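To start, I am sharing the structure in question, which I have written as structure tokens.
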Amino acid sequence: MASATLYSVSYDLSHLLLGGIASVFPDPLRAWISNGNVITGLAVLIFAALLLAASMLNTILLIWWERKLLGRFMDRRGAMHVGYAGLLQNFADGFKLFRKTTVQPREADALGFFTGPTAYMVTSMILFGVLPISSGWNSGALPLSLLLALAIFSFAPLFIFVSAWSSNNKYSLMGGMRSAAQMIAYEVPLLLAVVAVVIVAGSFDLTTIVYEQQNYWFWGPLFVALVVFVAGMLAEMERIPFDLPEAEAELVEGWNTEYGGMLFAFFMLADYLRSLIGSILVVLLFLGGWTMPSWVPSAATSFPLAGIFWFMLKTYLVFAVFVWIRAALPRVRTDQLLRVGWNRMIPLSLLAVFLAAALVTVKCVPVFGCLPSPGI
Amino acid sequence: MSEMWINMGPQHPMTHGLWNLRVRIEGEVILDVDPEMGYLHRGIEKISEDRHYNEVITLMDRTCYVAGLAWEHLYMLAAEEALHIRPPERAQYLRVLCEEFQRIASHLMWYAAFVQDIGLMSPFLYGMRDRDLILDLFQSYTGARMTYEYMRAGGVRNDLPPGFTDRARKVLDWLLPRFHEYDQLCLGSDIFHKRCDGLGKLSAEECIRHGVTGPMLRSAGRKRDLRRDRPYAVYDQLDFEVAVADGADVTGRYLVRMEEMRQSVRILYQVLDWLDRHPGPVMADQLPRWLGAPYAPVGREGYLLKRNYPKGVGFSAIEEPHGEALAYVVNEGGEHPYRVKFRSPVFANLAASRHYLVGYRVADIPPIMGSVDVCVGEVDR
Amino acid sequence: MSDVTATEKPDENPILWVARPMATAARQFAKSLFRPSTIVYPYERLEDPKFRDRLDVASGKPFGVGQVWDNYRGVHALNIATCISCNLCAFSCPDVCIDMVTTAGSDPKHPKKCPQIDYGKCSYCGFCSDACPEGCLTMTTRYELSVSKRSDMIYPPERLFEVFRSKLPMNPIRLARPENEDAILLDPPLCIGCNACARDCPTQCITMLDVPKPEAKPGEKLPKRIWKEPVVNDSDCVRCGTCISVCPKECLFWGTRK
């Protein structure tokens, strides 16, 4: 299984299933079912289902992880009742939300009100198809997968604004405005920080970026880029200290004030999906993805699915840092956030790009060592 | 964005209770505010007229649900003056014990709500956790965690249980380093200063003009504390300082409240030492029969007609955790007060909100209103 | 920034923008990772003996229970056997949530009335148990009252008796009676000797004693009455005022006995 990939698993499953089904039917039908195209088609479906299941499961686990961690930060235990240590609590919450009626405000614009959350959710989930999880566990070697991921990632403000506008609520509107302003302000430093990584790695392909980190992970030499990227990610994920669009103290619930039941669950899930993707991107770009440094004993990196194991571990630890920030810091104000974004983050990210360029020119740095194949 | 009115309340996370802040904004800038109170009006003053003197304290606990004992103390001071009763000294010390513990508990509750307003998540739980220790102490001698019903005309209901003072000292020992922890989470954070410095300015002159008292006045540098300026109970025998800051802003109010908690701890150590050394009665002797401890009021007309009560008027003013609270009790003879009137400090603080909110941003409303420490129960009474 | 009249405090200025709060949160996390301050409520309870003597605050254990728990004012317990039906609890209730109702199984000719408490109204102030002269109505530490029907919030005397029998810790505070309490006095000329007070006195501390029937002077008509007068035994009297309320002539009143 060590060499199993997402594709091979899907195809194997497809073969297995269709082989079983085909044996029941008489010949012409059997031949058609055993046709390669049908097998491929089913494999693609299985592939998508696997991705969906993995993303949903991880999202819900992430919520559990945050609740438990936040609980300990707050000197309490977090969810304890449903399932072992509250593992199933989020499923219970989800079922509760799915059973609830979706209330549509009378003056709300139905089209935007319903498509907004759905599109927000869907665009967040599409991202999962782009990101590699381990060697072979991705949807294909897209040469521009990083660019694609960030492009899809920045769809969100549009849909947030659509749903906020169509809620016809003043708080929603203000939340939507803030959300749009904030995401646009932080998109620029975020992308510039990514550019620093791209300069060093010499590729927009996430898999390549990960393999470029075999000598040392990028967080050390590109620390400035990491700081800018994490700050930008916090703003994009709308987490404290940058959760102004849904600052509950002043804006009730921000742009999802009017949403309840299923649609609120969409927003909630999509938020955590984006958090998960943010953590994954940090791991991929700065923490070596699924690879481990060479001093780690090979037994720890060669067991089946070791790559996925290390990758998920890193992802959850990165998210733990986000939770830590949430536990310790207050929320900033919109104008301060924007001022920090335009006045501090963009110069910082330019500095990061400059440092990356310097790194590529020098090729080797004293503490870390040399780049395997210095980029651009 | 053009101008618009938004209703912050009566059900809004910022309000901490039932009141409505109508805000006229342009973009995010506040142009005008209009506080609306009255959603929680229960007619406590009127109900009091129909109740036996001791029964009124069940209402006092509900007047301000985070500082019940302070309001019991306020009412009892006025009622005793009206009834010409003087409680024994130990009862007065016990009342000070109650009030100071209540001040810490109330400020901790304020801290929890305030940090929640600026988006700090975990200190909310820390504040509530440490307040719970004080509630445990309250439970150990009053019998309840929130609605204490502890004070009676002429003293207090019962003495402290054995071992109480040691437990209380343990709690105080635990609390002092916690205050430092709170400061680190707030004052040690650059974001906190960004959010709170220079916000909600209200100068001392304006405070006085609008009747704003308590930590808001002291944060403007005016050293006014009724415990020191108009000592009631046994405050003149206790050693403490009045907490003052000079910012007149949200940070200043934060500093004042934090310092007040430290000073309360200081007072409490003295009170606990005194209580250890001076056992004695906690209820005045020579009470009218219907105020005696285990008795129920018997409000029958035949009874009333045959009694001839002394008449009187009582006034009291205490430094409640939120500010200066006043009470006025008229005793026209009879078992019920003829008229009871309270002055709630938060009402005045809220009513002046136009003067410290206009010009700031919508995002500044929660920290500013949080720093006022709104307790709607006593605003609306 | 602001000069506070401070006791000595450690430095609290920001380091590296946010390093201090992050460190504080991490410290708290490390502490509560092993021992959070909460308990898992439905499974663990503060009144559990396990938590009873834990007063060690600094370790973050639940604090404040132990022997002090007994003072808690929760659901009432009523000992029907010692209840004298004096009505004082109902009088003293500020919420008027106590009704005196006939207990099941009492003699229909002389029904025994005991308090019935509506917990939908009760404010747990404890005035009733303070007022109870016999100590039969006390407050226990029971605090869980959730019911699915509103009518279940009304506890008849039998149910309060069940609480009593469950041997929960009772609120131990008993208030002493003041020394200068008023007594029931009689206005002799008004009395008609009807025995109503002695009949209804819950403690039977009133006895009807004969008074000499005066000689009727010529032309004077003696009042039409029974020549007996109530005498109150002050040490047994609980000052419930039942006699005053049943007196048809309003000849009993409160006063200081000379």
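In order of appearance the chains are A, B and C, and numbering begins at 1 in each one.
Everything that follows uses one rule, which is that contacts are C-beta pairs under 8 Å (C-beta built on N, C-alpha and C of every residue); 3 or more make two chains touch, one makes a residue touch a chain.
Everything numeric here is computed off the predicted structure, so don't read it as measured data.
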item: Far-end chain from chain C, centres as C-alpha averages; value: A
item: Identity of the most central chain, Cα criterion; value: B
item: Of A-C and B-C, whichever chain pair has more C-beta contact pairs; value: B-C
item: Approximate Å spacing (C-alpha centroids) for the pair chain A, chain B; value: 47
item: Where chain A and chain C are represented by their mean Cα positions, the distance between them in whole Å; value: 60
item: Averaged-CA centre spacing for the pair chain C and chain B, given as whole angstrom; value: 27
item: Junction residues of chain A, two or more chains touched; value: 73-76, 327-329
item: Set of chain B residues in contact with two or more other chains; value: 122, 126, 129, 185-186, 189, 191
item: Chain C residues counted as touching two or more neighbouring chains; value: 18, 21, 24-25, 28, 37
item: Chain A to chain B touching residues, read off their complex; value: 70, 73-76, 170-171, 174, 177, 240-241, 243-244, 247-252, 326-336
item: Residue ranges of chain B in contact with chain A within the complex; value: 1, 4, 6, 8, 12-14, 28, 115-122, 124-126, 129, 185-186, 189, 191-192, 194-195, 361-366, 370
item: Footprint of chain C on chain B - complex, ascending; value: 51-52, 54-55, 58, 122, 126, 129, 132-133, 135-137, 139-144, 147, 149, 157-158, 161, 163-164, 167, 170-171, 173-174, 180-181, 183-191, 193, 197, 241-247, 251-252, 255-256, 259, 262-263, 266, 283, 285-287, 289, 292-300, 302-303, 306-307
item: Residue numbers on chain A that touch chain C, as the complex places them; value: 69, 71-77, 80, 324-325, 327-329
item: Touching residues on chain C, where the partner in the complex is chain A; value: 18, 21-22, 24-26, 28-29, 31-33, 36-38, 40, 60
